[in-house]
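Heads up, the thing below is written out as structure tokens.
Lettered A, B, C, D, E and F in written order, each chain numbered from 1.
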């Protein structure tokens, strides 16, 4: 695929207890590195899209380990900046049955939160780029992170790069003095595809609708840049068993995807990012319904893979969409 | 919670094959320490109840490792006695699908079985105690263990400490010359809450009824100390999928709990002890129906956790009772 | 059981990623050794049948490790021949949910493929043997392997040893110049029990029927040696959830087994070999319907065990057939 | 031993790469919890001294896991305070041969650094205490930590509790505005035993001497509370091979210990804390030379044990001092 | 090699903490199975000697796992008897540097200790045997074990089978009422090769000499069956660094072996058994000095291998004797 | 560093037994990917040199895993070609003490051996390149590999790119019909720096000298392109303890490096490649003696790191050269 995508955002070290061990009973953590935006980028890179991630890492061996992870995962790392500071962390405990999965964040005051981005030349970053992806986590982290996000969105918009934003409102963030409504509308106003649920609409766009289509329409009225709005529907029967489907508003109709029954979930963290990546890939390559189906199928497969990153191929996703080779033994 | 509970019983080293490995194909064992009564104590300690466990360990590094485990798990270990001898063991093979789980015991002639308990000052042990818990395993182990159990029950009864007993009849034990009916009625006669199924009634109380309520009533007639009788109902669809509910006879009616569908079971060993602990906690803090629901929900969560011990919080149990945050991803 | 079985075929090193890790994200492989025929032999050896496997291993430490594995698994290894060469390999990635399991073979030019078998004295091998088992994989590997298989079938047939063959047509093999129809009919023509599905009939016997019984009848017409034809029916809901049953044509009627719902599958590789072994064991000890039920139950249990080998006892299989002790906690 | 010791200080999660893996090549960390002062406390607790550690943990599951570790290690945890915040971390890469071991700290802005200590009732903490131990790390962390340390030293001093301080000057700390000379002299002025090398004297006491005895004497002149001064001498041949000995100035003479050749070092982190603990234990139980020898031997044994904590018994240390059972196979 | 050796003795499950973890800090054990005599047998089997081991295992899955281990290790297991009972255990903690290794036994009342041996037909066992090996551990375990050992020695002696005995006096055993001097002289009186140090001579033969040759001569006087006496000299610099050599008295002179410097010891358990096996192998194939050198070199290599069993080839031992390929990288 | 290096050669999957386990006793392999030339490239990439490796991988998930490893390790992978075929393997058993390390190769008929290289545009590959590195392994693998190597050397030579060759004569290779002397002289004749010992001179250049300088001079006479000749001197005391130094002939004098004593070796595989990389780096940045010292120090550090790749920084090597921070604990 001859496309170029840029993603921006914090990457944290993810420390997961093995198997179904609880935090209090584990003396070992498995390590990968993840972040909502980089997870999207890794999916795209695995699908053959040239993808560069823009972020900041601590200039020590932990930062170097994270860099090596990104390269292993296929990302172009030329826009990783090394600065004094600490890497943000999140601890993951994998639930089972009725017991929930848990994430504990330790991300405040991280190297990314303190990164001023002065060294980023956005013109250069977006050279040859077709798409830029950001999420609502970045402007929620710190004033400087919000500024970097704004600069990126501004530059992309100016250069005619398509923009997607996963609104992803997180109440626990936004602790640096600003409120979502201070910043998010400005970003969304230049974005073409957003992932948003009703809560996101309320908190980040001041749109209070109980009907999804109504909310989508109002969002487009407010922000004419928006071409697509999408969200997933997750039905949590237990930590091990979920249902999943997605909807995509394309300005004219609300497309609905097939619905999947996910028993025996291995790891659901990163499932939303896999969906986002699938949507971007799908819209870069196919029609709206195909994009939506690709997104949901990609997300389903993510739930079968340990870690944040969705190491699946385009073929695997495409086959699941078609219902071929599902859960077989392939020799 | 300002309550004090005392538990008494043997603790064994548990050696589990990793994952779903069979005994014959594993060259590694995971180690924890467990016992029916200590498992109850650990649950209570995790829920903020001050709980001391009375037992005997070998005075070597294995005994020391077991002691450190109990402390880690939150128990007050001042009544752990160190003696010459060996630690009992049990080997656990975790089943899956239609394949059963297996436990092989190697507990005969253990340091606890040979412990004469002469050094236990029960008056001191029960100082400030609200509850004492024993199980039918202790009197089944050896003549001296039966004596210790009797001494404990006598002292608790005399001091007005509430007493619970999990009848837990095990045909493979009782090899030292006495029969359950020689000993159990005496213990049950001073106990206030018993866990017993129809088989337990038959073997340990000589009560032969096919109706559970009838059995409960007869038990109360024989042993007026009994205020509560309870048992769980388990439906084994497979080693990985069970149904679970509980009933509680409070002298007036047979309360029934919600029924849970437990797919994707991680480890069912200790599920009964988690229920017992839940019942004690519930009766110390709430009404009968609440206690029963707390007990079943606690037991359900135990099935999602590797090892014997139920490392869950009061909040987690309470939320499951209310159907909140079940199987979600909590950030 | 006072029976003697001989199995023949290539054994490969199996390298499996741990848990549900994908090939690209694992830096560790778990190692066992397996092959369709040896898997059958290991099942039988575990069930008390004296079983020798005939194969060739590289004369280095890898070959020695494989030999030690076969001994551990209970096989008589006196007919393992050590030659210069490499051991064939297969890499296994265990699927989950909708994600398929994957096998990558690296078996070309192996020590077995190049083994000329000149040193095998088939008369001696079949001394006291009651049964010989081969599969369609062996003649598919190389011209010399096909010759060895023919020599074995000829000798067994001549000596009155019962013969079973798992047709097991694999399109990816058969790369040495011969086609299945050049060789398979000759082998099948001396075989008494075959495992074959419709595709196998087409490719290896030139029988084109859409009805299974019709195919079985035509097979018996062509090859009067055939007494039994059997196959399994697998319903793949997902990689973690399959249905399984089997049918056995005994020349008169098509017996059908109970059908099993296998949720929470641990490892399905070797499931067919477990079925084959169950059929051989069942026919050596019981009537046709019993043999069929034993075979399916053995295969079901295999799905709960990591690795190719079905380390279950006759009792465990028999209890599953009877629906006893299914998925319980056995103390 | 009927003694009571109080230790104060930050405890961090220690994340170590397994074996000799480098940070960049490990995807797994082994977890323990350590801190200079708690390490001392754990040693003492293992030697039968009742030891309570005063610290603050985050009020989440990570804090709970740390608490359970302290209990497992034998500490009295009644003075662990739970607050909002993050746990400090340090990453450990174990060197070998000429390659150095590495520690990366991520401890800024931790729950302990931000802890105001208002809830500590030092009178109550020191009830029945014989000894209080602090290190120069605590006042280097933050203004509030320095205040807590001063309050503790003041209270201990007032109540006649013996005080030890490991000066342990760390250039990378002291980032909150104060300099060591602003604070350390006040603390040392009430301390009875200090561990200090020439660099410590310079930075924390403004004593500039090239002769150790001269420095000790000057320290005692400045701070008459000081009864003992000690330090270790380490000879680093490689990461795997060090020499170790210690000296103890008791106001009259400089005692020197035996010197040990430590080949095959397993983990040197915590070696200094093991020495400190040995000195406290030795001075509580024996004469000066015995205390010094006990301290060095304890430190040597620490180098053979993975993790920060020195899980050795008094007997094991005592035997090494006497040269008995050194490196044998004890049955 | 066309020789047949029979070994007799208890086999225990060995549970080792991984790496250099202490008992108190490990939650995992690595499992192998070992015993002084079986260790000798496994060495011989690896060197191409047909070797059968006579023992008793519990008739459960633990016994089956042990059986599979013996087969894996190359032993003929037709004389393994399955009885009700428990398997003996020993826990191993691997020392390092000055810290000693530790073994904790839990072997009393094991299935072997209680085995009456009535089902052993010694005539059949010794059919075609060239050598029988026993150790002083067997008669020390129980009265019945002593009887079995006597029956074996008697039968072997009668049938002209060469006999070796590793005297191996263990003070902690001999708890069933008999003293070594009640039993050992009778066994030694029919033995041709003994491994004995001065302590063994004293306790098991009542020979009190400070000179080794004098002791050997007196042993031969008392027991004219003795042709060879041997022992190893071990110099323990640390748990990680030993020196090793051996001596062999052949009735005429005291042969001395080369001396080896063993730095970086991996696992010394089983080192003596490797020596014993080397001596048997050497005397079956070469002259006295060659046998002695083979024995010491075999023992040295054992120290580099985890577990009790000495998985080395004849070539590897022979090359070490010659000083070839020592510590190289062999491609 | 603003330099560009190209390396060419086969990369294999390396399967290592954990710790010091032998092949026969391990059921797990640790996986990395390595090859003599890629190992050199990875070192250089870690030191900031832009390095691309030219090779062929199988176009399946194993090849993809290998690709991701190379990216993780820092290589530019744009010249990795994906073809049908198998990946070569090598199994590594890590020795200890007197027991040698072992490598078993399984590399014949690999995708690289069969790669015709037609798709390589060497002009493009060498664009901007300063250095090209090859080894004597490539022409030894197959006729096509030899052709690729010749094409690369020709192109580099023509384009004025500096060329280094590690002669690395391996008797076990060269099985495709050609002899070293048929091919190597042609390659060496265009090479500027060679690593060669006396055996290499004999087998690959037909130079038979017992004096190293004499051999170097003769090599230069025969091949005037040669500017530098170098080799290491390794003294194998045991598998755990080696001495190492190097020499460099620069056409005028034989420079000698410091000699290092390497006790506690972790993994010596790749030590020679680390030296080669050090020499290239050193000659690109410093004078001859500095380059030699850098090379030896880099190689020494490699021995402390598991796997083939030398993940050390320029600083770490430089400090070892200067004797700074050797074997310390760096905080």
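Keep in mind that, in the parts below, a residue touches a chain if its C-beta (ideal position, glycine included) is under 8 Å from a C-beta of that chain, and two chains touch if they have at least 3 such contacts.
Keep in mind that this is a model prediction, so the values were computed, not measured.
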item	value
Contact-graph separation of subunit C and subunit D, given in steps at minimum	2
Other chains in touch with both subunit B and subunit C	A, E
Graph separation of subunit E and subunit F (steps between touching chains)	1
B-E compared against B-D, more contacting pairs	B-E
Centroid spacing, where centroids are CA-atom means, of subunit D and subunit F in whole angstrom	45
Distance from the mean Cα position of subunit F to that of subunit B, given in whole angstrom	62
Between subunit C and subunit E, centroid-to-centroid distance (C-alpha), Å	41
Subunit E: positions in contact with at least two other chains	19, 22, 24, 27, 68, 102, 263-264
Pairwise touch network: line, ring, star, complete, or other	other
Full enumeration of touching chain pairs	A-B, A-C, A-D, A-F, B-C, B-D, B-E, C-E, C-F, D-E, D-F, E-F
Subunit F partner contacts - residues on subunit E that touch it in the complex	19, 260, 262-266, 300-301, 303-307, 309, 311-312, 316, 320, 325-331
Sites on subunit D touched by subunit F in the complex	19-22, 24-25, 95-103, 105, 170, 172, 236-242, 263-264, 268-269
Of subunit A, residues touching subunit F in the complex	68-69, 71-74
Partner subunit D, residues of subunit A touching it in the complex	15, 22-24, 26-32, 60-62, 64-65, 68, 86-87, 89, 91, 93, 102, 104, 106, 108-109
